[in-house]
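After this come two complexes, each holding chain A, first together with chain B and then together with chain C.
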Partner chain A sequence: MKISMRLAVAATLLAFGSARAADAIKIGLMAPLTGSWASEGQEMKRNVELLAAEQNARGGLLGKRVEIVVEDDGGDPRTASLAAQRLTTRGVVAVVGTYGSAVTEATQAILDEAGIVQVANGSTAVRLTEKRLKYFFRTCPRDDEQGRVGAAVLEKGGAKRIALLHDSSAYAKGLADEIAATLRAHRANVVFFDALTPKEQDYSAILTRLKAAKPDVVFFTGYYPEAGLLLKQKRQMGWKVPFIGGDAVNNPDLVKIAGKDAAAGFRFLSPPVPKDLDTAEARAYVASYRKRYGEAPSSIYGVLAADGFRVIAKAIETSRSTDPDKLRQVLVGGLKDFPGFTGKIAFNGKGDRVGELYRVYEVSPSGSFVLQK
Partner chain B sequence: MEQFFQQLTNGLAVGSIYALIALGYTMVYGVLRLINFAHGDLFSLGAYLGLTLLTSFALQGRLGLALGLLVLAVMVMGLIAVVGVVLERAAYRPLRDSPRLSAVVSALGASIFLQNALMLVYGARYQVYPDILPQASIRLLGLDVPVMRIVVVLVAVVMMAGLYVFVQKTRTGTAMRAAAIDQDAASLMGIDVNRVVRLVFVIGPALGGGAGLLVGLYYGQVGFTMGWSYGMKAFTAAILGGIGNIPGAMVGGLLLGLVEAFGAAYLSLAWKDAFAFGVLILILIVRPSGLLGERVAEKI
Partner chain C sequence: MPNRTMTRGLGIAYAIAAAAVAAAPLALNAYWIDVLNSVGLYVLLALSLNLILGDAGLFNMGHAAFYAVGAYTSAILNTRLEIPILWTLPASALVAALFAALVARPVVHLRGDYLLVVTIGLGEIVRIALVNDVFGLTGGANGLFGISRPTIFGHRLTSRKPQEFLYLIWAFVAVTVFLFHRLEQSRFGRALNYLREDPIAAEGSGVNTARYRLLAFALGAAWAGMTGTLYAAKMTIISPESFGSWESVVIFLMVILGGAGSIPGVMLGAALVVILPELFRGFASARLLVFGLVMMVMMVFRPQGLLPYRLLRFKESDLRRAEDAP
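Then we have the complex of A and B:
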C-alpha cells in the first residue's frame, strides 16, 4: 500500500516534471515523512508547500513556477542517502532539509558533490558545518550556541558567583562545559561545577552542597524531571536563589512536578515556539498557515524549514540565477539581515546561521511559559 | 557546621526510606534464602496505587489530612500485601525445592513483569502526586527542617520498631524466627511453614508499598523505573547490615543514606554513588557477613 502510493506520487510528480520541466524551478524537500519523527516531517512539508503555493501566486521565481520535489528520508540515514541520490537526478537546484543530525550527515556529501545547495532545518550537531562543505547551510542553531547564549544570559543577569549543575549525559555535560568555558574566558566566577544522578527522587544533599557554595544563580543543563524536583526541594529548603535551565526543561510536566509555586520565576533557554514568533512577517505567515491547514504550526523546526525555503528563494531572486556558486555568494554575506520568520537570517562562511535564535522563557505564577522580551 | 547538620537530616531522611525497603529483602532472605528482586517493583507499585487511590477517593478531603492518609496507607499496604502473597504463590512456591538459581531467575522475571505492567497501565511518563502535605518547617539546631521530613523519618522508625517488637515478642514472630533457623525442624515442632512464608510476604511487601506511598507523597514524582534504583540501594543496605538481620537492615539503610549525603557534601556529587558502593565493598571485605552480621543462630 505504502509503496504503491509512493509510486503513484512519484509518477504524478514525474508527469508534472516532464510537462513543466522547461518553465519550472525545482526545489527539493527532504523530510522524515514516516518513522518516529513523522510529525516533524509532515509539518515541514506543510510549511514548504504553503510557501511554494504563495510564491507561485506571486508569479513564481524568475518568471518560472516553483515546484517542490518531496523525498521521504524516514528519519533514517540509509533511507536518506538514497533519497538524496534520487534528488540529484531530479534536477533540483536546492534542497530544504532535513531534521535529524545523523540523517542530514548521510546526505551532505551526496548533495555537495552534485553541486546542490542544501539548507537543513533541524540538524544542530556542531560537526555538520565544521566540514566546511561549500553548499551546506542551516537555519537552526548549533548545539554550542546554547552554551554561549547561556553564558551571556548569566553575565547579563549580573551574577557574581555562578553555579553550573549537569547530569553527566552527553548533551547536558556538553552544554555545561560550553557555558563554563565561555564564562571562564570572560573571567567570571564559576563557584560550582558538578553533576547530579538523574532519576533519583531526593536531591536535598545536592542542594545543600550547592547552597554552601553561595552562588547568586544556578544553571541546570539537564532535563525537566530533575529540574522539577530540584525546584520543589529548593523551595522546601526555603532557599531563594534563582535557577536557570537549558532547552531540555521545556516541557509542561516541569510545572506539574515542581508545583506552580516552586516553578514560578524559573527561567530557561529555548528556541521560540511558533506562537511566540514576534515579527510582522511571522504573524502574517502563522495566520495564513492557520487559514490553509486549520491550525497554527506547532513545531519551530517546521518554521525553520519555511525559512530555509525563503532564503533559497531570496538567493535565486537576488542572483537572478540558479547556479550554486552564485547562490552561495548571496547566502554568505549577501543576505544582510534577511527578515526570516524566526528572526533575522544571515550565514557565515561555514554555513551556520549568524545571530541568536535562543530566547529566554520564564515560568509565570500560573505555570505557563512566557517569552521574555 | 550548618552544612554538616543539614546533610545529617538529608541522609537520615533518605536512609530511613532505604531501611524500610531493605526490611522486605532481609525478611524474605531470612526465611527463604531468596533475594526477592521484585521487591523494588512492589515499592513502585505502592507509589502508583497510592496515587490512584489518593486522586480517586480524595480521602484527605473527607476524613481530614492525618486520618485520610492513615486510611490511605492501610489500603495501599493491604493491596501490596495481597500482591506479595500472590507473587509468592505464583512465582516462588512452585520453585521452593528447585535449585536456588531458578528462584532468583523467577524473581528477576517477576520484577521485569511488574515494571512493564506498571509502564503499560500508567504510561511511561512521570506521574505527579497532588500537593497535599503542609510545607511548614521548624527550626532545629539552627536550621530549617521541613516538618514532613521529620514525619517521614518518624513513620519509618515506628514501622521498623513495630516489626521488631512483633518478631521478638509475639508467638507468630517466634514461629517466624524458628522457621528462619530451620524450616524442617520448625515444621516438626508444629509450625506451619507455608503460613510463615505467607506472613513474610504480607509484611515485607506491605512495608515496601508503604515506603512507596511515603516517597510518592513526600517527593511527589513517581516513575515506573523508580523501584530499580531504590531497590538496588535498599538491597545494598540489607547486605551492609547483614542480610537476614532485621536490625541490620535498619542500620544499613540509615548508614547508606548518611554515606551518600556526606559523600555528596564533602566529596564529589557525581561520584556520590560510586562512593556509597565503595564503602559497601570495604565493609564487606572487613566484615563479609555485614555490620551486624548474618546471625548464625537466628536469621531473622
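Then we have the complex of A and C:
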C-alpha cells in the first residue's frame, strides 16, 4: 500500500519532470551513486548539478534551461549498460561519465550507436579511445600518459641507475611497464624491475634486494599502504636513496603509516588535488562549491566531471546546436586551450585530452602534500 | 501423477508470459527491453541455483563463482582462439561443471550454514584469482574485452537492437524451464527433494547422498556457466566486479524470495529483484534503500516465498490408477 503510494508519487514527479523539460536541453550524468565507488559518484553529481544551476542562473544554453538527467551505474558494467540504455531513451544530447574503465566500456557502444556525445571523467584505460569511436571523449589522462610523465621526471632528476618496483596489480604493473619502455627507448639504465607482495607487514627483504642493485632512485608504482611501509622501513635501514611514487600513493594515510620523518621528501605524480587548482576560474569555482555544500571538492575526478560538463556546454554554445557531429567538430578542432578547472583542455582526434595534467607533489616535513612548481 | 489442475494453470501462466515477452518489443522502448534481458539472465542464474539451494537444500552462496567461470571460459576461447561465442556454450558448461564437482567434492557433506560459509569463501577466491590475472589469462582487474557479438544464421546481434538479445536469452529461458520441470518430476529431482527433507531417511531408502549432491552442484554450475556465456556475448566485456559476492547474495535472494524449490516462484523472484531497483530509479541514490525495505517487508509477510514450493499431492484416483497399472 505504502509502496504503491510512493511509486505513484515517484511516477507523478517523473511525469512533471518530463512535461517541464519540453524546452530544456538535457545532459546526462552517469555516475556510481551506489556500490563501492559511491563517494566518487556522489561527488560527480554535486559538481555537475552545481554547474548546471549556475548555467541556468546565467540564462541556460541557447536560451533553454539545462536539465541534468542522473543515472546510477552502480560501478558495475551490467547496471551501467542499463543506465546508458535508459539515457538514450530520455532525450539527452550528451553524457558526462563515468568513473571505472570497464564500466565506461560497457556503455560506449550503446551511446555511440545512439549518436550521443560521451565525456568520461575517470576512465583511464588506454583501449577506450583506441577504438576510434566518433563521439567518445575523456577529460582524464590515459594510463600511458602517467608512464611518459614518470619517465620524464626520472630523467630530469639526472638519475643514472633507476629501479622500478610494482605490486603486480594491473594498474601498477601497467604503469611500471610503461615507464620501463620509455626509459629503455631513451637508453636509460633500469637496474631493477620487480614486484612486492601487497598487504604484507615486512618489506625488508625486497628493500635489501633493491639496495644491492645500487639504484640512484626508486620509482614505486603501487598503492599508499605499501609505499608508507617501504618509506618507514627504508628509514629504519638507514638507506637514503630517494623514492618516487605514482598517483595511487596520493592519500593522507601515507604519512600516517610512514611517519612524518620517513615520509618527508617523498615525491609522487598526481593530477592536481582540487585545493591546488591554480586558475582564477578554478578558485572561484571551488569557492562557490564550498558555499553550496559547506566543503571543498575532495576528489579530482568530480572536478574532471565538472570539466566534462563545461566542454559540452561550450561546444553547444559555440556550434549553436545539439547535433552530435557539430559538437564533435567543436570538441576536436575548436577547443584551443579552453580554460578548464583542471588546466587547459583540448581533445585530439581519438577523443583523448591533449596537454599535461600530471604534477609532481612532495611531502613536506609537516606531512602535507606540496605541489612542486 | 502430480495434481493436474495446478499444472494446467501453470501451463497457461507460462503461455501468457511467453506471449508477453515475445510481444514486448512492440510496446517497450530499448531501455525496458534491456531490463527484460537482465531479467532473463537472472532467471537463468536463479533457476540454476534453485537446483542446488531449492531442490537439494544445499546452502550455496558462491554461485557467482560458477557464473564467472563460464563467462571467462567463453571470453578466453573467443578472444584467444576466435571460436564463435555461442559455440563456446558447451565448453563453459563443462568447465563450470568440472570446477564445481572439483571444489564441491570435499565440502558437500557439510550442512546448512557451514556449507554457506565455505561457498562464500569459494566465491571470494574466484573473484580474487580473476583480479590477480590467474595464468595470465583473465586480464586482471581490467577484465577481458573485445568479445565478439554472437551470430545466428549469419545474422549478427548488436546492442543497438536489444530485442534480438531478448529472443536469444528468453529462448534459452524457455528451454531451461521445460528441462527443469522435467527434471523436477524425474527420479533425480525427487531424490534431491528427499535429500533436502531428510538426508538420513533418503540414505536409508537407497539415495547415494554424496553423489546426488555433487550432481546437483555440477548441473547447477553448468547452467550458471552457460548463463555466463550469454552474459559475455551480450556485454562483450567482462570484469571481476560483475562476479563479486554481492552477485551471489542477489541470486540467493531471488531463490529465497520467490520460494525455494518452486520454478515459477524463483522466476518471479528474479524478475522482482531486477525490476524493482529500476522502478525506484526515481529515488536516485536512495533506490537501494527503498529496495532493501521492500525486501524486508516481503520476507516478514511471506517468509515461505512469493510462490512457495508445494509438496506433490496425490488423489485417491491416482492411487487407484497406480494400483491398476500393470
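The working rule: the second predicted complex is superposed on the first by the 351 of 373 C-alpha atoms of A that agree within 3 Å, B and C clash if a C-alpha of one lies under 4 Å from a C-alpha of the other, contacts with A are read in each partner's own complex, and residues count from 1 in each chain.
Basically, a residue touches a chain if its C-beta (ideal position, glycine included) is under 8 Å from a C-beta of that chain, and two chains touch if they have at least 3 such contacts.
This structure is a prediction, so every number in the text was calculated from the model and none was measured.
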Given the superposition on chain A, are chain B and chain C in a clash or a fit? fit
Winner by number of chain A residues touched, once chain B and chain C are compared: C
Just to be sure I read the superposition right, which of the two partners does A:G334 touch: chain B = first, chain C = second, or both, or neither? neither
Partner chain in contact with A:D202 - chain B first, chain C second, else both or neither: first
Scan A:P242 for contacts with chain B and chain C and give back first, second, both or neither. neither
Regarding the shared-chain residue A:D76, is it in contact with chain B (first), chain C (second), both, or neither? second
Using the superposition on chain A described above, determine whether A:D253 touches chain B (first), chain C (second), both, or neither. first
Does chain B (first) or chain C (second) touch A:G157, or do both, or does neither? neither
Is A:S168 touching anything from chain B or chain C once the two structures are fitted on A? First, second, both or neither. both
For chain A as apex, the angle formed with chain B and chain C - C-alpha centres, to the nearest 10 degrees: 70
After the superposition, what is the least C-alpha distance between chain B and chain C in whole angstrom? 10
Identify the residues of chain A that lie in both the chain B contact region and the chain C contact region. 168
Flag every residue of chain A that touches chain B in the complex, lowest number first. 168, 194-197, 199-202, 204-206, 208-209, 211-212, 225, 228-229, 232, 235-238, 253, 256-257, 259
Under the stated contact criterion, what part of chain C meets chain A in this complex? 29-31, 34-35, 38, 131-133, 139-143, 145, 158-160, 162, 231, 235-239, 241-242, 278-285, 287-288, 290, 294, 297
Please output the residues of chain A touching chain C within their complex, sorted ascending. 3, 6-7, 10-11, 13-14, 33-34, 36, 38, 41-42, 45, 70-72, 75-78, 81-82, 85-86, 88-89, 100-102, 105-106, 109-110, 113-114, 125, 127, 168-171
Give every residue of chain B touching chain A within the complex, in rising order. 3, 6-7, 10-11, 13-14, 125-126, 128, 131, 135, 137, 144, 146, 215, 219-221, 223, 225-226, 229-230, 260-261, 264-265, 268-270, 272-273
